[in-house]
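Both complexes below contain subunit A, partnered by subunit B and then by subunit C.
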Partner chain A sequence: MENLLGMSSLFLQQLVNGLTLGGVYALIAVGYTMVYGVIELINFAHGEIYMLGAFLAYTMVTVFGIPFFAAIPLTIMICACFGILLDFIAYRPLRRAPRLAALITAIGMSIFLQNLALLIWGGQIRSYPRAVLPKAFFQNAFVVGDITMTWLQIFILAVTVVFMFILHLIIHRTQVGTAMRAISQDKVTSALMGISVNRVISFTFAIGSAMGAMAGILVGLYYNAIFPYMGYNAGIKAFAAAVLGGIGSVPGAMLGGGVLGIAEVFGAGYLASEYRDGISYAVMILVILFKPSGLIGKPILEKV
Partner chain B sequence: MLKLETVHSHYGQIHALKGISLSVQAGNICCLIGANGAGKSTTLMCISGIKNISSGSIEFEGRTIHTLSPEKIVGLGIVQVPEGRRIFPYLTVQENLMMGAYRCADKAKVYETLEKYFDIFPILKDRNKQMGGTLSGGEQQMLAIARALMGSPRLLLLDEPSLGLAPLVVENIMNIIRQIKSEGLTILLVEQNAQAALELADYGYVIETGEVVLEDAAADLLQNARVKEAYLGEG
Partner chain C sequence: MKKVLYFLLVFGMAIGTGWAADTVKIPVASPFTGQLASFGEGVKNAALLKAEEVNAAGGINGKKVEILLEDELCDPKEAATVATKLANNKEISIVIGHLCSSATLAALPIYRDAKLPAISPASTNVNICKMSPFYFRNVYKDDFQGTFLARYIDRVKGYKKVAVFYEVNDYSMGLMGAFMKEAVKLGIQILGTEAYTAETTDFKPQLTKFKMMKPDAIFIPGYAPQGTLIISQAASLGMKVGVFGADGLDDAIMLENPDAEGLFVTTPFLPDQAGPAAAGFIKAYTKKYGVEPNWFAANTYDAVGMAVAAIKAVGQDRVKIQQWLLSINTKENAYEGVTGKTYFDENGDCLKDAYIKVVKDGKWVGAEKQMM
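== the complex of A and B ==
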């Protein structure tokens, strides 16, 4: 009995950790999936926006002495603008080019931004100084039996939920959100309706980048590690989450992020922590094998 | 109202339009008839600014429009109902209609227009929460027309509205077009169903392999021996 209780509390603890991680993956994944939805491009530089988000907030609190909670919205705004700029410089000139050209450009931008960050911030791993963060972040919010949850975890989960809710409202309740969905279904007809396709695409980049930047700050907090290559691994994982849920589908990216985060934490907890990346990719491969359109992705519609 | 002057257009090496010249008079229905691949849809896509023209000019009310972006052209009052209807399948009927009014900032007016077309097309009102893709072909065509009208156009470009519809539904759609015209809207109609189009139109152009081969008042085209033989299945 004792043993059983111990097992179930470990299970719950892992679930809590998995949800925290999954929420962050989901925040990044929606950026991939939204951009893919409107321009059929895997924006491989999205992970770098996430990295820049972590670094910008870091610089604001350490160099400029901006309070942490003021640095968050500032960082988000700058990264949103940065996403628009990225599209404008790198992708818009290639809108009518073969898709491979834009994909290679995305990889190029990713490498460029990694090295730019290396140049600006150097290669050592940084972390947000504890002094600028609320003390409560590192205190336990509650302890039930063997399960503990810190305020930081609660903060991450809450931010994730709030951001997802806002995103849902934007996509389903605003005109520009409806236009985003329209463009993802039929670009030519959207243009024929008078929708400024490029402006909506810019907006999509802005929203995706804002979510990515927030995720970067959260991960920087959670793992205490900010470094130029942090976007690579997180980017690939989030991309996997987007594919898992069905690329192009926003609820899919949310679900995919959650599933991946939980699978990863459970794999690390019950098997071996070295396998954590392997497990998340194995989950993705299984889904692609058996349900190529993703968990809730729409199958390609036959045009009549 | 609308004037095309020796418009050429290419798809890569393919010379799709070889100097199309035509004009549409305000308040009229003008129709383009011709076989599959003659360049009718390309002509409309050039007018809407989706397809670039290689040479020639397109003017709307004296203003050159072939250099403008598609959304600017919509802003001037030229709206197209594309071939195959192209409803947004995963938007609801109402969202589809709202997209037609995308450029109208006046929300109150948009809802007023919406109510107006719900009155004209009650079936759309019944199904306003349904996904566009779940409608039948005829309903989708009505939605496509209503969606274009939501933008309060002055010139409506209609591409093959009868395509793939049952004869009874075609008749219904043609009546709707007649009704729209009676409200003073100018229409450029592209049709393979030459009989139905010419009965409806004031003026017609016959297009073959990217060129205008014949133009005349629609009533005269209906009597034209060549048109009868090639497009009306008579003679």
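== the complex of A and C ==
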């Protein structure tokens, strides 16, 4: 009986861990999926925006002494501008070029930003000094038997849910959201209808980058680790989450992030922990094999 | 135009070799950038300090010592590249390095085939010196370190149930094996082992599993960058257990982590336990760099010292240097350095003491109870 109780609390604790991780993946994944939705480009530099988010907030609280909760919106705004700039420098000149060309500049920007961060902040792992963070983050919100949840975990989940909700409102209740959906269906016709396509694309980059920056701050807090290459792994994972959910679909990215986070944590917790990444990618491959459009992606129709 | 270029090239080479003849180049291979850069910092500082001192005292038979810093990021692939470069350079007669066991094992066959002797100041994996007659080290081996730790927690700490969280690399796995072998003999229960890779930042799934097992302590036979994350994440899961590790966790990064209070590790060198020979070194090092030397620094200082002594005795011939190092095989003709007497067995391994240090009030201090 005690054994059974132990097993079920292990399961629940892992579920909490998995949901937290999944929430972060989902935040990054929407950035990929939104950009793909409007310009059919896989923005491989998105993981680096996430990394920059973590580093910018770190620099603000340590070097400039800005309070943590003020650093969050500042970082998000700066990263949103970065997103627009990224599109302006690397993708807009190639809008009419073959898609492969833009993909290559995306990879180039990713490597450039990684090395820029390496140059500025160095290769060592950094963490937010505990003194600048709210004390409550490290206290338990509740303890039930062996299951604990810290306020930080609740903060991460709450931020994820709130951001997703705001995103949903933007996409479905605002004019620019309607324009985004229109462009994702047909760019040329939307332009003919008087939508300023480039402006909407910039907006999409800004929103996606803002979400990515938030995810970067949260991960830096949660794992206590900020380093120039953090965007690579997280970016690939989030991209996998976006594909798993159905690339181009925002609810799909959320679902994909959750599934991938839980698969990864359970893979590490119940199967072999050294193969955790392998396990989560295997789940993605399996889903794609049986449902190539992803969990809730639109079936791919040949455009004629 | 082409002729001018050729002339410049030949002229440049002549100058290059002309300069080279004036110095004795000793390469030091270690991670100087990347995650483990802080380990390499001690290596670099100590090597430069030793070279400076040797040069101030007249160099090696009138020639100045020049330290070549070779960065390999603790990455086996990079280490192999660096090793190939050094092996093909005829001016190089001995290498100091590498730091990480996996890097050393990758470089080892290259040095062996080039008959280039090397002294590692820090690689503790058991197999290293056995695999090559040209590899030496002035640090203890993991079978010693692992056994030592198991005995220490048994006798001093009284832990009965331990969980092991290791990294997938040669150092961590070798150390874990040695520790577990002795622990089982002593009746310590190993509740479980979990693995991670160097890129991991999320350790909570495995720690959650450990938490349910209710261990007395967690053993982390890994490196400090991941070790500090494991310690904080265990604390955030509400785990109140002892945490201990080996020399790989011996880094200043632990002092910035409030959850690391009470962490104890094995180390080959403790400033407050070191003999009188070390006093001058500790003073000079602290004066020059503003921090006390750690064990990477102390061992590198002696490794460079041995290389200098070898070249002084037999010149810059690779095989002669190897033979000279092999001849240092008794306590009587040992090399006396800041880490005590160093002499090699027939494999090129040496016997060194281990010490326990602990994080107390945000500082590394020698544990009150050592075990000799």
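Here is the rule we go by: the second predicted complex is superposed on the first by the 300 of 304 C-alpha atoms of A that agree within 3 Å, B and C clash if a C-alpha of one lies under 4 Å from a C-alpha of the other, contacts with A are read in each partner's own complex, and residues count from 1 in each chain.
Basically, contacts are C-beta pairs under 8 Å (C-beta built on N, C-alpha and C of every residue); 3 or more make two chains touch, one makes a residue touch a chain.
Here the structure is a predicted model, which is why all the values come from computation and not from measurement.
Asks: In the superposed arrangement, does subunit B or subunit C reach more residues of subunit A?
Replies: Subunit A has more residues touched by C than by the other partner.
Asks: Touch test for A:227: subunit B only (first), subunit C only (second), both, or neither?
Replies: Only subunit C is touched by A:227; subunit B is not.
Asks: Tell me which partner A:75 touches in the superposition: subunit B (first), subunit C (second), both or neither.
Replies: It touches nothing on subunit B or subunit C.
Asks: Quick check for you: in the superposed arrangement, does A:265 touch first (subunit B), second (subunit C), both or neither?
Replies: The answer is second: A:265 touches subunit C but not subunit B.
Asks: Within their complex, state which residues of subunit C touch subunit A.
Replies: Against subunit A, subunit C makes touches at 33-35, 37-38, 168, 194-197, 199-202, 204-206, 208-209, 211-212, 225, 228-229, 232-233, 235-238, 253, 256, 258.
Asks: Would you pull the subunit A residues touching subunit B in the complex into a rising list?
Replies: Residues 175, 178-179, 181-182, 185-186, 188-197, 298, 301, 303-304.
Asks: Going by the contact rule set out above, which residues of subunit A touch subunit C in the complex?
Replies: 6, 9-10, 13-14, 17-18, 21, 122-125, 127, 129-130, 138, 140, 143, 146, 148, 150, 152, 219, 223-225, 227, 230, 233, 264-266, 268-269, 272-274, 276
Asks: Can you tell me which positions in subunit B touch subunit A when the two form their complex?
Replies: Interface residues on subunit B, with respect to subunit A: 48-50, 69-71, 74-75, 79-80, 82, 84, 86, 88-91, 95, 98-100, 102-103, 133, 147-148, 151, 164.
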